[in-house]
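The following pair of complexes shares a single chain, subunit A, combined with subunit B in the former and subunit C in the latter.
Moving on, here comes the complex of A and B:
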């Protein structure tokens, strides 16, 4: 046991051990490594391979110290990163033992023999543990006069990671990370002795979703990111702690900015959330904010139908004119910060006087609205750490919330916990989790959920947002959770969704979980907002608003292609006020476009899937772009019904002061499942989800990142492949009366009646190409 | 009236100060000789060579190690020595240097090795000509010339770009981008084994 396990709460009494390091006595839990105990005393022992979240390896030998136990000394200095403390242990580090000091200097000299002197061109220069420790624990001058070992460099081990083998000190951090944390052992140490080197398998590149972490933990410049290569030096960068805007995992991040431009993002540290890891999308997808098509100034459509740049007062007046006195609604989008979502929520109720507000720009249902209104979501990362059984329902954590995946994988790797997944096929992620697959097809998950047994109070049920695509499934899950006592977690894909629920950006919810149908809650909110009353009419959902005859819509960051294939045409008949960072399908049809700040340019907070608030500050402050809530506040003033939220801070304070509703809440109305689709012949039920790396608009312009995306394939069952007479890799055509997609096929462990496609990947954008995403009958033929 | 101006005490030495303003009174012969001696220095100087330089019509050479404008040097085949490592910017106490590095791409090579300086700016309104950047440069790409005429009428003109700082193309040099000398790598360049350009690198300047 090492310190990595101290993060989990243990019920058993931890045995304490007392030892002496450099003459100081210290008491630490049993199993603590010497190097970590020394850290607690403030004694820094140099190290390369040691990492608190990876199993000890003792690979670099830099942390040698003199150890004796009860008067008996080890014959040679020992690696302090592999030896746990024991009672009566006396440790002498380089500070008190000349032997340890000499040993460390010797190891450093050996490491530097083959390390090239290319610090001036190395990206790690300036933040390099080897540079620093060579200065603190190395010889002042080299005695080596031979020729250094050289390798061809750099070798791209994937499109986003470059390997310089001659810089490597063989610490095995990258290989241990890939094996123990990510479960993608695509990178190994090849050869032995002096020729030992990091390498990848010949057939498979290092296409892990988590490869960026190896770049971050590499203690030298052996692994570098292609996108950041040669871009800047550490002293050029201004770092800001931030939160990731890409998904609901809620990673702490660090954003490094040079001259008002984001150059890189690193995983931040938060033991309760992402530990020290993040995914490649969070790390390398940020160029969208400097895209050429950023909206720079407010625009209003003129009489010729052209958008013209105008002044702010003019644009606000035009927007207010269109929204005032018309039947209107608000689409928030799933990426708003809590403060912005609160701004939209208050704007809809106060300035527009309606409950027509919805953050869901994806498939959704009335059942889901009720579920989000009535169900307590209690699961956290900590519950995953302590779980005895994890049930995934329509949720692919590796693709849809990668840090949740890492957390589950950690427990699978360490404790071999049971994972069950209710899914149409065994994905790569669920294979890595060694999950028991309960194979379903779209529409018949409810039966599988009802049949689940063996859940306890320590179990965790994690739902993906796609569960709303099956009528009755959420009802079944709520019943299962109530019966078994298992903790329930709902993991949406987008970062802003949980926050939008808290901010009341739903047709049936007011801020703080106050139900629109509850008169007391409405009066409470009306008083807080100093308005006469709040409409008791439940509002419309996203689909209803798009299809309705509403005259005007205020739209945040929403892509109409996420709603439906016809959404753009339907929306183009309405008066649209669009708050956007970039030109999009919405700005094309909008009557008024108001530019807003991208995440790096504003402060705010997201709520992760656990309900934990992830605050962040603006990384780039020299910008004229403002957060949505500020612009909504100006617009409300213009309409004449002010919402009084001039800053993000004031929105935050007001939302905090509202608190959560403590009155009675209603129960969810249980729904019966609908029958699954019947198919025959060459028909199949379409199933899909979004891959982590795909055609998402926040990944625009990141070619290196896109290079590691999984190839678009159509997954069919073995029997269907035989019927169609196709082999793996041959092209298959999936079509319906709207359109068709032709892609290479892959034979997988999928229900015979189903076919799987990526929802929004290269050459497979289902809404655009087929107008449906799941639970719909399509034709599968040989291409 | 005048008495009023006499200080009451000599605490601050004001009385003596007042005396120094008094006209010279002891006009004896010894004193007269001393005055003549003084004028002799003036007289003698009239026949010496004049130190004044009629700048800018006439320009004097500086001391050989005078710290003047910087220069970005080239390898003998014309490739740039700068690798964009930013060590000069790091060393600069006045924050006068701005560098952005970039990859040498296939078919677009500016320096030997992987990296070159894509943007290189020195702000001469900030530069204090201390020469720490020269000491920091690992490839001897940055040196100082003796040029001292650095004045202009806008701030913008005093931020020198890479084009302004690059040394002239001498005989045998090919303007980059062009490939490295055949069958060499960057270490050959640093060891001084590349002494001129090869016809395959492009048309060299000859003069």
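Moving on, here comes the complex of A and C:
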């Protein structure tokens, strides 16, 4: 751990140790392992089980080196991955010690005796640490003439991970990852001796949101991803550093493309964000890019109501015609890049002359708009690393921002930090975090927030986007943060939301945190944009626009079912210009459809929940699709009110040049707390959130991934189960005037007034099925 | 314990050798007339222990033995007078270990005995680390071939080199235990290994070394 990483007010002085490796002196912080100190000198000691983010195992014995301390030599070579440096230590690696060199070659030979020579058909071939290190630190030829160990292959340890046991070198990286990093110890090393093998308990598959990381850190081809297996050779892939578009965790990624098609995605490295991990959704959900229903050319609805493919000039003319001179607005969607969001923001103000713009395609409130306008969100991953106490409010990190979960879990595992969650029930995630549950139901969170005590300046409050579903909760949090000095973080689900705020894609906010209500900020922006003025009237929110009599809407990637059950019908009465990658409920009703690039086909950046910009380049360049901002710029030209953002780069540069508003900001109007709705008999208050793996449209077509989604269940309290006379697993029906959902029930630690369902999972899509998602009274009966 | 408490420290330390004081339990098994546990002062020799235990199986003579269990390098009849204390055994190239003295007479094939031990270590290997897990798997295959008289003299060098790659390279001492009897048997009985290769089979009658052979049961 570096000094900087500790980052506390009183900087801790770290003891430094000086030792000699292969004749070179090096000084490193106390606790540094020999293998790591050698790396700093550029000396690569071969290794398999060693991984900088996992606890040392000393299992593979590949990293043996000769060590003496103050003239006293160890009698045998030592595993450099388990021994911290000491003052006076003299290390001789394979480069200077014949004994270490022979020991390493010997271990390598032993590792290979039972390893199949199937490199030509193995996914790992070409990027395999065993292959590479056998070449660099192995004998040229094996002396083994016996019989190799074989196993039946492959064993599916989940729908998305396959295990070839005969390739396994038993380094225990996967099992250590699952236990130490993900908190999902569903795989273990079974059996003994040469028959030792990674395995799962028959009835408990490898049901982890993070299983893909084990495939990535496997130093051989023992663990492979079902979707990628036998699909490509690593040396045929072109790799591009990218950023994950699936959530606001902000993972650095690597996208591997062959001939214009994404073959796989891997977790990238960023110590400040995702370390070296990502979640299975980020890794394995990308087929949407090549979905059959990709919109390939611009379309305009003809007089028969049919969409017809037309040329770009025709489509742009039709869109401009419908948008100009009408009362209009812009729905951005939560997945836009910062540059695209800036394009939408500028387009609304400059080309359409309105503040009617909102990125929120989910539940939202006026209180939330004000919160996002006025509140400083300062919490970061580093703050989680150093926190004494983490308070989660309406936030399920494992489902809603999985890398935030890993980061908290790391500190729970390492330092046993205190986690408190204000939530309706103890989820699997919060149980893993050993969180203290302050059980609430929808609508009464405010009281729980107000009652929180013991937070300090080192504490972190993390809010889920669902907090906007309870009036007064955000007001209470703002007060709690101010009173306690705790760092505040707001973690939306979608990758584009924080960026959209920065870009001013809100009815009350201009780019760079300039308030629409601030005349100076308006003049500043109008000058920057070379327009006469910006309306001082706050625009409409998403709900308001959908329900309004606006005549025309420009809509980015939005699913009307994320807004409300009636949204599609209401929108169908308006002139809709849809910028989309795929045919959707919006393109079905749109008058003009303009195709845009998917994330892999464009450059840009997302802003993660910390406010950190995550830039990425196009991974696929052989495409005609362009980023939204380019299309918007053409459309603005056609309208005759140009926004002059012909490229992503120009949008980036312009947004950067604007800077953040440093004028005075207003305070949030405090709301009074509400109470939970009263229920009686078979009534219950509906509560829900989205599981990480669900029916989200970016996961379309990923069957292997869907195989590890959590089963849809209805969670009820024990007393309700008794009243209904149902046992766990029996079917229960949740209904209201709109519709009903019937699913197996699960008895959980939930308030007896409440019922929980997954918000958008298989057989449980609440807006579609019930037209409500939370804080609404439903009936719960035995099915 | 009771005897130490009642007789005192001086009584206890009056026995044994300078550095290995007191008495201990020696466990004699195999080709010995009265196998069992023998309490004796440290530094006693095998020759003396055999006198107490009725000697090597009647009609036979000592061939090799383990001073401290199968994981310690073997000794031969040349080591009958090695003082069985920690220093004495160590000076003679082995370890006193568990003081489990396994006695083998001239009817025993050393290659076969070593193979059996190696199979035991292969079975006992927990599998965590490479040298032990993979090494014992390989050693058994090599020794099986040698016992059956397959292979050439270079295989003996390979076997020794393998042991060098296993010994002292593993997480715990189990792999060291697996390598020790192989290295020591090759040190004292290399010719016997070669005899197997010349004969193309094991030159010993395995029945002759069994205890029921002595009892007259075929």
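By definition in this document, the second predicted complex is superposed on the first by the 773 of 783 C-alpha atoms of A that agree within 3 Å, B and C clash if a C-alpha of one lies under 4 Å from a C-alpha of the other, contacts with A are read in each partner's own complex, and residues count from 1 in each chain.
What we mean here is this: contacts are C-beta pairs under 8 Å (C-beta built on N, C-alpha and C of every residue); 3 or more make two chains touch, one makes a residue touch a chain.
Here the structure is a predicted model, which means the values were calculated and not measured.
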Fit-or-clash call for subunit B and subunit C when the two complexes are aligned on subunit A: fit
First (subunit B), second (subunit C), both or neither touched by A:154: first
First (subunit B), second (subunit C), both or neither touched by A:230: first
Centroid geometry (CA): angle subunit B/subunit A/subunit C, rounded to a multiple of 10 degrees: 70
First, second, both or neither for A:75, with subunit B first and subunit C second: second
Which partner reaches more residues of subunit A (counting touched residues only), subunit B or subunit C: C
Which of subunit B and subunit C A:110 touches, first, second, both or neither: second
Contacts of A:61 with subunit B and subunit C, given as first, second, both or neither: second
Touching partner for A:121 - first (subunit B), second (subunit C), both, neither: first
Which superposed partner A:170 touches (first subunit B, second subunit C, both, neither): second
After fitting on chain A: smallest Cα gap, subunit B-subunit C, Å: 21
Subunit A to subunit C touching residues, read off their complex: 57-62, 64, 75-77, 79, 102-103, 105-107, 109-111, 113-114, 143-144, 146-147, 149, 169-170, 172, 189, 191-196
Of all residues in subunit C, those that touch subunit A in their complex: 122-131, 133-138, 141-142, 158, 162, 164-166, 168-171
Contacting residues of subunit B [partner subunit A, same complex]: 83-87, 89-90, 100-103, 113-115, 138-139
Residues of subunit A that touch subunit B when the two form their complex: 120-121, 125-126, 153-154, 229-233, 235-236
